[in-house]
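Chain naming follows the written order as A, B, C, D, E and F, and within any one chain the residues start at number 1.
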Amino acid sequence: MKKRILYIGRFQPFHLGHLDAIKQIFEKESPDQLIIAIGSAECSFDRKNPFTASERYVMIEEALEEGGIIDKCSIIPIANINNNAIWVHYLRSILPDFQKAYSDSYFVKEIFKNSDIKTGDIQKRLPISATQVRQKMLDNQEWQKDVHHKVAEYIQSINGAERLINVGIE
Amino acid sequence: MKKRILYIGRFQPFHLGHLDAIKQIFEKESPDQLIIAIGSAECSFDRKNPFTASERYVMIEEALEEGGIIDKCSIIPIANINNNAIWVHYLRSILPDFQKAYSDSYFVKEIFKNSDIKTGDIQKRLPISATQVRQKMLDNQEWQKDVHHKVAEYIQSINGAERLINVGIE
Amino acid sequence: MKKRILYIGRFQPFHLGHLDAIKQIFEKESPDQLIIAIGSAECSFDRKNPFTASERYVMIEEALEEGGIIDKCSIIPIANINNNAIWVHYLRSILPDFQKAYSDSYFVKEIFKNSDIKTGDIQKRLPISATQVRQKMLDNQEWQKDVHHKVAEYIQSINGAERLINVGIE
Amino acid sequence: MKKRILYIGRFQPFHLGHLDAIKQIFEKESPDQLIIAIGSAECSFDRKNPFTASERYVMIEEALEEGGIIDKCSIIPIANINNNAIWVHYLRSILPDFQKAYSDSYFVKEIFKNSDIKTGDIQKRLPISATQVRQKMLDNQEWQKDVHHKVAEYIQSINGAERLINVGIE
Amino acid sequence: MKKRILYIGRFQPFHLGHLDAIKQIFEKESPDQLIIAIGSAECSFDRKNPFTASERYVMIEEALEEGGIIDKCSIIPIANINNNAIWVHYLRSILPDFQKAYSDSYFVKEIFKNSDIKTGDIQKRLPISATQVRQKMLDNQEWQKDVHHKVAEYIQSINGAERLINVGIE
Amino acid sequence: MKKRILYIGRFQPFHLGHLDAIKQIFEKESPDQLIIAIGSAECSFDRKNPFTASERYVMIEEALEEGGIIDKCSIIPIANINNNAIWVHYLRSILPDFQKAYSDSYFVKEIFKNSDIKTGDIQKRLPISATQVRQKMLDNQEWQKDVHHKVAEYIQSINGAERLINVGIE
């Protein structure tokens, strides 16, 4: 049987911390396949979720192609079902069987406790969070260094920072 | 830019006609990536949709691994939004940009007419339809030859035909 | 206070029977405003609901402009909530207050019984039903005479009959 | 710990076969509590689901009060989530823990196979099905004897058969 | 006819103020049945809604069994419909007819004004709110005295405070 | 072909700034029809959305009737679909074809950038925002002068300010 590992996040945007997490998972688990699930896939054009799943897919792909580990990764957008108690079961009905789940989110790890899927720990080796990257975009600060250079180029090509500013005006 | 092609179906179950369609698409398009979208991902355990997206993912993967074209394929489950008029737009917001769409369904091709995405034609070279395969399962007839042998083994391992019969009883 | 009357249907498509019903309502009620609610607004591209709400809006408007009663009509698309027991309450929360409701559907009239809104009767003076018009389209029969000539032109301009045939193929 | 058993159905309407099933469950299980879950709670005013959850609640209560086993029963309406693969998990997140599930439906029993909840068998001792009772209502045949006399009275008080006929007219 | 009263809340968690409210309702109304509706039933594992409906059901039941008034109470989880204007109508379509509604929430009482159901007043005799109890859990303060001792035991058995802390970390 | 312009807002409540925006659009565009789309139609009885679509419809109508431009306006409530990336496509599937869109919201204008519909600019000539009007209602300040006198009368007739205060209490 294939060893499949799940890594789940919203990736708004996909930053160097996420990339480092993926490297850690490969080091620790040597999976046959890493499923990178893009959570809240239907959310975009709001302050917490500026980018579409389509755009986040491209960010992840571009960053991983440079990193050379793309071949063992499957990127899969997952829309919300707005029911946290059964969300793990939803994931399992949508995704091929996986043996372990990783996430940067305490919330996700808490939710997995109610299932028989184990969760793994990611060491936070880079002081980057998506919330901070978005704040830098809003404040017109240097956010480009927090993401892979291919991701920075892509976000600029779609005027991502400008979008975030516009959707954030009350 | 990557040449990406979309092939979309419900794959209830994934049969040899689907596999042949994928081969045709590779012959005609030589895509960098073929996105195989599993439609109605949230549907299962009913007469038209006996299998979960998780199970259909595995069927496709097993059949393609034997075929050796899995490396250029990305399998992505897509839940319904119950609004046909904007479904193509939904696909585009969820999936990375693709240049052309293929489907065995006239319905899907009709829906794409309202967009600027072109659709391609698949030649029906094998006289197999998923509706017929399900009917054979219900009638306890030989359905195994209509699917890849790995898919047949998998469906048997999850008692798929029995499930279909049970969920079909009024 | 304005006298407002509601006329509700799916209008798939809007045919001469619907037009006659509207004339009857004006004769009987002389309303200040007739709200023409397009039900199942989110449904389209399926056998029972080939046309979008946008398209149905245009059909109604074109037919009524010729008829000269458009000025007292407001056309309002209404999406389904999939809960028949509270649907009348939903209508009332969305639409300005109306004093009476008309529909060709027994189902709609039954549902209004549970509210304090009265329903009126429409005399079926023309032997036309939307189900039959769609069947004629599917069978490539003369359906054009069952709808206002402006509606026939419009449906042809969007290849409506061809669409219905395509979305109906299993 | 309380011994709780689940009995789930749509109860459109609640008939003598359902009442007999409840008696069988009490005989076999002697539960501390029987949860009677009214499925498809949001469905009503259609051919397969003529009655609201509110009305079905009253039917069950009236029949059980006469039967004298109401004190150990809890009647709980459950709306659909339109995802069969995770429906059992949904039930478990909504209801207090139960040890075993009963249903007249093969579909429900099939769905429970994917969980670690056991299902029990009900012997069909009365030749009554809800589908048949509704058909009798539509055909203006004697349906009253298939339901508890209190249920018959209640359905008549809300003109249930007339409703079913009206919502069934195309 | 049965005298039925509705008491509705989210009960995140069920605390002594809720228990006192129930006692007040019994004193004032002497109902045949008190329906305790658990609102936002599908919400859990978030800061405002840490507990599942299943867990809240158990909390209420345990507290009332000690109080001895459980026999006249029916606990019914109710999922949201995200439409405040018709929510009262939804409740009435799901629940057996009730004559009066109680809630600690001004919001709920405001919504009932648009219906012909009267609402009753609960005197706030205990200085406890669910918001405060959750805050105490987050702050690792003594929250146990704000809930029935059986509820405190239950919350501890499911590591409720820890869950709340985890799902609250950004 | 008709020249149709879209003006979209939530109108919580409809104030003099909205009325001025409509006048500007008529001055600049001289449309055959102005579609006034009431966004978030299903939202009401909360702090950001106190009024139902029904009530907002009446506010707009009353203000425009006095203004004398009602004849060229169509007021259409639009419920949310909770997917910003495809919302413009949803609007287009529901509404008759329009050539240009206006909104006071930067968010709406950002979303239209992803479509081929142009957006127009409204000059903010009056220092009024709906957020401020609601705040004045909450603070029991003079809000009446920010809305058309007919709208003020209407809001008072439904105790709108009191409602807003009640639904805002935690």
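Brief remarks on what is shown
Note that a residue touches a chain if its C-beta (ideal position, glycine included) is under 8 Å from a C-beta of that chain, and two chains touch if they have at least 3 such contacts.
Predicted, not measured: the structure shown is a model, and the values here were computed from it.
The chains in contact with subunit D and with subunit E alike are A, C. Listed by label, the chains touching subunit A and subunit C alike are B, D, E, F. Two copies of one chain, subunit A and subunit D, form a contact in which over half of the residue numbers belong to both partners. Between subunit B and subunit F, the centres computed from C-alpha atoms are 43 Å apart. Each chain gets a centre from the mean of its Cα atoms; for subunit A and subunit F, those two points are 36 Å apart.
Of all residues in subunit D, those touching 2 or more other chains are 42, 44, 52, 54, 83, 85, 93, listed in ascending order. Taken pairwise by the contact criterion, the protein chains fit none of the simple patterns, being neither a path, a ring, a star nor fully connected.
Every pair of chains that touch is listed here: A-B, A-D, A-E, A-F, B-C, B-D, B-F, C-D, C-E, C-F, D-E, E-F.
Chain contact summary for the complex, subunit A toward subunit B: residues 41-42, 44, 52-54, 57-58, 61, 71, 74-77, 79, 92-97. Of all the residues in subunit C, the ones that touch subunit D in their complex are 82-85, 106-107, 109-111, 131. Subunit B makes touch with subunit D in their complex at residues 42-46, 52, 54, 163, 166-167, 169-170. Residues of subunit F touching subunit B in their complex: 81, 83, 85-86, 89-90, 93.
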